[in-house]
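Structure in structure tokens, see below.
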Amino acid sequence: MTRSGSAEAQFIRAVPRRGASVPLTLDGQAIMATEGESVLAALLSQRGFLRRLEFGGEPRAGFCLMGACQDCWVWTETGGRLRACTTPVAAGMALSTATPALRP
Amino acid sequence: MADIVIIGDGPAGMNAAAVVHAHGHRPILITESRQAGGQGYRRPSPGLELDMPSLMGSEAGKYLALHARFEAIRSAIDYRQNTLVWNIENRTLHLLRDGVASTQSFDALILATGAMDRIAPVPGWTLPGVFTLGGAQVALKDQGCFIGRRVAFVGSSPLLALAAQQYRKLGADVVVIADTTPLLDKVAALPSLANSPRTLLRGLAYLGGAWRAGVPVLNGVTALAIEGDDHVIAITLKDSGNRDRRFACDAVALGYGLKPETQLAELAGATLVYDETFRLWLPRTDAYGRAGPGLYLAGDGAAIGGADAAEASGALAAHAALADLGFAEPGATMLGLRRRVGRLRAFQQGLARAFAWPVAQIGALADSVTLCRCENVSVGDVRRAMDQELGPVEINRVKAMTRCGMGRCQGRVCGPSLQEIVAGHAGIAGAAAGRLRVQAPVKPIALAAADAIS
Amino acid sequence: MSRLTVDVAIIGGGLIGAWSAYFLARRDKRVVIIEKGVVGAQSSGTNFGNLRLQGRFPGQYPLSLRSQALWEQLEDLIGDRCEFEQTGHLYLSFDQKEREKIEAYAAVSETYGLTIDHLEPSDLRRRWPWLSERVVAATFSARDATANPRLVTPAVARAAKGLGVTVIEHCRVTEIGSGGGAFTVKTDTGTEIDCGQVINAAGAWALAIAEQFGETAPLFPAGPPQFVTEPYPYFIEPSIQAVDGSVIFRQIPRGNIILAGYPRTAADPVANRAPVPAAKTLSAMQSLAKVVPALANCHVIRVWSGIEGYLPDMVPVIGPSRTTPGLFHAFGFCGHGFQIGPGVGLCLSEMIVDGETATPLEPFSIARFENPVETDEKFRREFDSEPAPDRSAS
């Protein structure tokens, strides 16, 4: 069963954050994050999941949030993989929920 | 000059570094993190307007003092953040930082690798919106975010009430605090908890606050299911009166106490021994933290003890290492620390009984429940493999047959539950099920790292 | 103490032992397998899983081809596919000298009827565009295959058990008495087995048994370092090997890429340990990224090794004992026993039941170690330094 993944934000900001705006793209769409945010917090503040399980396609949004469970990774458009909970956002990051084409 | 290397910058590693520095040495402190403090005393990420002392409440003084001590030595030590240690062999650490591999030898190694939440699966636990209890706290402290608008805190842990209190304090809607251990078992564990009445009272105060605020606080529950299709919509429980309860929510924080991160200790040569109280394999150390020649363990990565024990055991391990290297005389400080660590860890034994790992509930999980979230292996996949003719009864063989514990996290998350499923299904003791053996790399490393060796 | 009477006792519950038991049981022999641990846990369960036909020792082709025919019927034979995938094997060369080598391998393969595609860089770019442009030529054999070694041996042993074979795990052979054309196998659990024939399929632990019967072979243990990546989108269908030995890899349809590389590492069969040095992990990763640059961001998640028995001529011992009628050896598979496993089991069953097998097995006789044997070039290439035979392996 392939579940679609929620478009609604999973994370709710509890405490304000100061910092420069950091432009990213997700699936080709421009999104804004704030300096200091993790990739995970930035994405889950805007949507309900990070990636799809390789086996069956169900949406996943991370689990331990401390770099141990390896569940929260996201693709970059160049075929890289970032551990979203421990990676701070950086300007120009191009992220993808779809599997990038690896064959040249 | 000897290389004294400390891995981990939580309270244990920070204090170990302070002690080594105070003796006139420059320790190398290696950590994967970007903010010192470990999980419990983590500093907020830059730019977050979070009033940590207020959030930390009664622990604010310790939090501030630890970070102040560390700030004072920070520039005088060799502090390497954002650095993964992926293997240890022959007194050499194999490191990875920003995709570049390197090595670091050591004369003494103090491992302060901390712990993560121990998790018992429940139907629906892989849905977006279900996070570990520790993760729920990290989201708040590190990122200033709640894991959802309406949060259920479920598991068995004194930290359920603490985290719920922190969430409520900042305005989150806590829909239930549900603990799987019956109230009577908690009462029975009281005598051993009375050794540390301050901690006990603090826990009771959090629960009292939740109760006064109208948050349902349940004991002796069985988690039935987390409902939802592509995100959490509710959790259902059976309460201690055997009634079905349903709580609408969009997030669940799940935690059954902590499990030490022992992978590096094992690679460095520590022996792991099954602990019947915690039902976990824990590294063997002497009372000072020695786990082998030149190898010292401190903090929750050695034995679950909480932040106070971590601070003390970090200092203790550093004193032991300095003494063993001939840089210091063992003295009264060491003896005092040893007694303090012993007392604090004994308290955790009581906590492990008051907040029990739900062995029977895990054994009763339906076949359809996901056990290994990396490799998508169900409880039934494991039981069916074991039921085969010549089926495995040892956990590493079960892993070989089913891929349970073989994925990116290398059994960190599913390991303790897999152990119970195997032991329960084979009708053998927890220890007899064996222990998932660690293999390097302790975390995934990209092929490109091998091309970028510094 | 229990006592058991069978026709054949097989020492070692690895792939060879399990297939031998299976085929003997099909010929109505009463068989027991005695395994010191659990079935399929040593090299049978930890190897790379290659069912490679290209580049084998020439004298082995009749056996290899017969074995491949059995692999191709795996599901019919044992009721389980064990992730068998017949997606071919590709040999890569990076310079003229290597090209000559794979062409020489191909010539041998073709002599035995194997179809080999001889591929130029333009062919490679069309068929596998993600391969490095450093490859100057390659040979491809479509009949080569792979299977999951963790699953195969237990599955074969289960099928054997279904045919009436007795499998005794956690039982170590302590002594084998012989006389009057019969054997008594004694074990550390007290079980004694009376039998007419014994198969010594004890892998890296087989030498001690051979020596009880006055035979020897320069067997020593080693471990093939192996690595596996996270699941990645599936695109590498064939099993691929750089002929320089730097890397051999395959991807399984669920996504993980399994890789291995020479040289092999030291292993300790007494402590039952075969650690993988960090430097070998890095060099295997580097080699793979050179052959498939698109994998640079793919992560290795686990390494492992197992304990295999090696002989200096890189040829296994298969066949009857020279000193003791009724005793058969099958050990020292030098890291390539997986592919020939079913064939070896079938041939041993024929030797025991019919007194002979149509498959030529002379090159594998233990008799060759009665005189000094030449160390094979492969052997020198596949190890860090020439290891001495390990006599502590008991």
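Labels A, B and C are assigned to the chains in the order they are written; within every chain, residues are numbered from 1.
One rule holds for everything that comes next: contacts are C-beta pairs under 8 Å (C-beta built on N, C-alpha and C of every residue); 3 or more make two chains touch, one makes a residue touch a chain.
In this text, all values refer to a predicted model and were calculated from it rather than measured experimentally.
A.B. asks: Grab the C-alpha centre of each chain and report whichever is closest to the global C-alpha centre.
C.D. replies: B
A.B. asks: Could you compare the number of C-beta pairs in contact for A-B with that for B-C and name the larger?
C.D. replies: The comparison resolves to A-B.
A.B. asks: I'd like to verify one number: the distance from the centre of subunit A to the centre of subunit C, where each centre is the average of its C-alpha atoms, in whole angstrom.
C.D. replies: Centres of subunit A and subunit C (C-alpha means) sit 44 Å apart.
A.B. asks: In whole angstrom, how far does the Cα centroid of subunit A sit from the Cα centroid of subunit B?
C.D. replies: 24
A.B. asks: Whole-Å distance, subunit B centre to subunit C centre, using C-alpha means?
C.D. replies: Roughly 41 Å, centre to centre.
A.B. asks: Could you say which residues in subunit C touch two or more other chains, in rising order?
C.D. replies: 230, 295, 297, 299
A.B. asks: When you check subunit B against every other chain, which residues touch at least two of them?
C.D. replies: 407-408, 444, 446
A.B. asks: Mind pulling the residue numbers of subunit A that touch at least two other chains?
C.D. replies: 55, 80-81 - these are the residues of subunit A that touch more than one other chain.
A.B. asks: Taking the complex as given, what residues does subunit C use to touch subunit A?
C.D. replies: Within the complex, subunit C touches subunit A at residues 129-130, 230-233, 235, 254-255, 294-295, 297, 299.
A.B. asks: Report the residues of subunit B in contact with subunit A in the complex, numbered from low to high.
C.D. replies: So the residues of subunit B in touch with subunit A come to 32-34, 39, 45-50, 116-117, 126, 128-132, 134-136, 138-140, 142-149, 170-172, 229-231, 250-251, 261, 373-376, 407-409, 412-413, 443-444, 446.
A.B. asks: Could you list, by residue number, the parts of subunit C that touch subunit B in their complex?
C.D. replies: Listed in rising order, the residues are 38-39, 41, 45, 150-151, 154, 157-158, 161-162, 167, 169, 229-230, 275-278, 281-283, 285-286, 288-289, 295-304.
A.B. asks: Show me the residue ranges of subunit A that touch subunit C in the complex, using the header's touch definition.
C.D. replies: Residues 54-55, 78-81, 99, 102-104.
A.B. asks: Residues of subunit B touching subunit C in their complex?
C.D. replies: 86-87, 89, 92, 94, 101, 388-392, 394, 397, 400-401, 406-408, 410, 439-441, 444-451, 453
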